[in-house]
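These notes open a run of structures that come right after.
Next, two complexes with subunit A in common: one pairs it with subunit B, the other with subunit C.
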Partner chain A sequence: MATIDNSFDAGLHTEQLGGRTQEIFFSAEEEENFVYPYNAFEVDSSKKTEFDAQNLESSDINLKIRELMKEGFGHIVVKNPSAKHSIAVGILNRLQLDFDGSLGYFGCGLVDGPNIKISGRVGWSFAENMMAGTIIVEKNAGSTFGAAIRGGDLVCKGDVGSRTGIDMKGGTIIVGGRTGTLSGFMMQRGRMIVLGDAGSNLGDSMYDGTIYVGGKIASLGVDAVAGEMTDLEAEWIERKLALYGMKAPNGAENLQKIVAGKQLWNYDNLEPTEKKIVL
Partner chain B sequence: MCGIAGIIRRGSPGNIGGEMTSMLQSLKHRGPDSTGFAVYGVPEKNQFVMRFKVAEQEDLNSGFDIHQQITDRRETVDSRMKEMGAEIISQDTVTEYAFRYTFSKEGSLHRMADYIEDVEGAEIISLGSALELIKDLGDAGVVSGQYNLGKFNGTHAIGHTRMATESDVDIRSAHPYWAYPFNDVSVVHNGQLTSYWNWRRTLEHRGHRFMSNCDSELIAVYLADKMNNGVELETAMKDSLDELDGVFTYVVATSDRLGMAKDLMAAKPMVLYESDDFVALASEEVAIRSIFPHEIDTFDPYEGEVRVWQL
Partner chain C sequence: MSENKDLIPEDLGSDREKEIGQHIGYRYDVNLVPDYGRLTPFLKKYLEVMNWQDLNWLEDVHMGYEEDRPAVFDRNINGWVTVPKEMELPDNQQDRDMIARELLIKFQMSKRHPMVVLKENYGKF
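On to the complex of A and B.
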């Protein structure tokens, strides 16, 4: 019987995957497969426009953004989004998108590539499953900020609610202020930088990834442990923060580093029968 | 899911009924089953306001006799109030089964309240000098229109849009709840209390009455029990975070205060806005935006947080 040694043999790399961040899994000759079958537009970054969303429903705002991208506008300014929900979800191309005001729940989910700025605050479940690009929130954010993100930089310059970066699988989350309970819960990859305090159960059940905290940590979650900061990391953090005009109050080298202790059951290599003997 | 909201005017009284209607209407998607308001007017000296019902909305379809029964029950309430020494000043028929009375009375209202609720189908929705509690089936626009709340003048209010999960769709399971027998105390809640039956049995043994099977009523009764034992409101709210089990955010109002509490898991949302003249809070910012359309700074309270604001 033929054995399958790697994912190439399994045929995984000939599938037409949709995410830009999956690019690293493709070989050069498969480049033609790296396309978005739907919803992507060729836009010109020098072409700018704006519209007022005050009297528009969420679906109308999304349709308007889509229409403008279709017309080739690469820089769109949305005025008065008025904390409406589910805006700017599923944008899969390069775009400079500026919101003059606040967004409600479920904003900017599933984006893959755009650079987004929000001058106000954002509600719960912001940027869920973000794949690539940058998002900068100037004020505060609600809970489950950046849940399950896979790539890109997600920045909130103010405070965020609980469960920040829950289940994150890549990318970087930066919080200028404080974050709430259970941040980094079941985190799998990526980096989270919190310049203020962190709530209870930080990094609970995290599989991997790294959390850096500048302020007080109320308590660590199960299997979250302190790690040792390296010069390389500190330099990387300083460079990353500088990109967004931010700075660690006491220097990046003094941030507390939290990683997975990897002592939970899912990290052992024992078979169930062996485990019975051990236990 | 449910939506909750609160607003307090720190300056002068204003159209609190219209403002709460706008806030709750923008939370309609969080629960369209029923809507409730607890609005606090400007108290008249030596005068109480009582809102009560003598039937459920659904009872109106239960037979030809119900209309006469409603009339009879109301007459019984009137006679019992007089018997207990209350002087009725005004009587408004808000719907066929719901009424608003103003009256004066010396001494405790507790016995009179028990005597009224002994009438078949009767439930006091609220009782106090400032509090008026209105709840019915339908969205905020419908209920506000039905009870003429759009121009209610007052100092503060809390409200609720209900997505029924733990109990039936009827008025008795709708929020807000009055913290019987405390004048002017009301509660709205978003979440689930998993220790409901344990706490209900405990509180019933202490003599408290429950009018519904809705877990949210427990918070009102729990706070009433604490205050009955001399515990200050803010301390009682802090105690609730340790003693009540579940995921919840709730808002409580008294004649001159508005407070909120969020459980230790912070699983239910709340957004706050504070200025010199106003405090507004809601499950979603879109509700606050409905009355403050200009750019404002808002924030989320954290896990285990209790806040109380004074008029």
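On to the complex of A and C.
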């Protein structure tokens, strides 16, 4: 097998750059394990339970979910969450979690792995800093939906408020309806698919990442420009939407693609030596 | 510039990159979508365990380079983890990316991950 030893051989850059490194190496001897060795639980996906959250405080609901995971339940149904705030945050393992109702502010933040379904609506800053997993909201969502997410699939089948995916750093946000003003603001990586209309200043100051819009765009933000759709992208979008029973209104190939114009990328004009000083 | 042109995605070597003299490391676009025919047995099992129908967050994980050595960025420690020199890597980006994903999962779930030490020293609960 031919091998490539360094980044120069791969043609990735033409000059030597040095940065900070933590000198951490992978080990070929690592054991097969699918659970974080901290704050996570080994659960059985065939073990299902449910509880009523009507008379519980947010913290009690979170503790109850944690307790059930500790007992090995891999499928938990929460009845009557009653739009309480900060529910189901910081879950770091696989889990099927179903909410029969709506969630309030800051629901499902920092999750890393679970598959979550919400039959109702969700409030502001839903799934903030999501790391991995899938989340499906059947109705509408408030502002800053998926703020700063780093990975996973975050789906809202209805409309969402303003600043959707603000500062997102990875993953995929899918909106079945419309999205509000300043969506994709300062987006750095990842993909956002909006099947309906998008509000004003879409993708304002985005560094990178891609936004696809099926409806009308009120206006583009600073440094957001139209990109060219490729067949591979259309294929990828169709596949992704199909996972959640969704479809682009006029076909994925006819979505409008928005990317960063990269005119605001002043940082990369620094010489490598200057960059090392800054870093 | 390298002769290994097959390994260079089309968007590399853009005017912008030539101007600044380096590869824009985190700019991976959808054209680097994973080839699901190249999933490793470990990754297949991982997706099954997690009950995901695709690579989910791992779609954004690629083999990169740090200090001129193959490495994978671990977001949990906000740093690069280097591939040991003795580990042989295939000569195409798709297979390399799959290996990167497998190595990263194994590392993150390992007891020698820096987060374990952090938790031991600073964890409140």
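Here, the second predicted complex is superposed on the first by the 229 of 279 C-alpha atoms of A that agree within 3 Å, B and C clash if a C-alpha of one lies under 4 Å from a C-alpha of the other, contacts with A are read in each partner's own complex, and residues count from 1 in each chain.
Rule of thumb we're sticking to: a contact is a pair of C-beta atoms (placed from the backbone, for glycine too) under 8 Å apart; a residue touches a chain by one contact, two chains touch by 3 or more.
What you see is a predicted model, and the numbers here were worked out from it, not measured in a lab.
> Between subunit B (first) and subunit C (second), which, if any, makes contact with A:96: first, second, both or neither?
second
> Classify the contacts of A:131 with the two partner chains as first (subunit B alone), second (subunit C alone), both, or neither.
A:131 sits against subunit C, while subunit B stays out of touch.
> Touch test for A:105: subunit B only (first), subunit C only (second), both, or neither?
A:105 sits against subunit B, while subunit C stays out of touch.
> Regarding the shared-chain residue A:82, is it in contact with subunit B (first), subunit C (second), both, or neither?
first
> Have a look at where A:140 lands relative to subunit B and subunit C in the superposition and call it first, second, both or neither.
first
> State whether subunit B or subunit C is in contact with more residues of subunit A in the superposed arrangement.
Partner touching more subunit A residues in the overlay: C.
> With the two complexes superposed on chain A, say which partner A:200 touches: subunit B (first), subunit C (second), both, or neither.
A:200: touches subunit B, not subunit C.
> Find the residues of subunit A that appear in the contact set with subunit B and again in the contact set with subunit C.
In subunit A, nothing is touched by subunit B and also by subunit C.
> Can you check the complex and tell me which residues of subunit A touch subunit B?
Residues of subunit A touching subunit B: 54, 82-85, 101-102, 104-105, 120-121, 123-124, 139-140, 142-143, 158-163, 178, 180-182, 199-200.
> Which stretch or stretches of subunit A touch subunit C in the complex?
1-4, 6-19, 21-28, 30-39, 45, 94, 96, 113, 115, 131-134, 150-153, 170-172, 188-191, 208, 210, 230, 232-233, 236, 239-240, 243, 262, 265, 268-269, 272
> In their complex, what parts of subunit C are in touch with subunit A?
Against subunit A, the touching part of subunit C is residues 1-2, 4-5, 7-8, 12-13, 16-17, 20-24, 26-31, 33, 42, 45-46, 49-54, 56-57, 59-60, 65-70, 72, 75, 77, 79-84, 87-91, 103, 105-116, 119, 123.
> Could you pull out which subunit B residues touch subunit A in their complex?
That would be residues 264-267, 269, 271, 284-286, 288-289, 293, 295, 297-300, 302-303 of subunit B.
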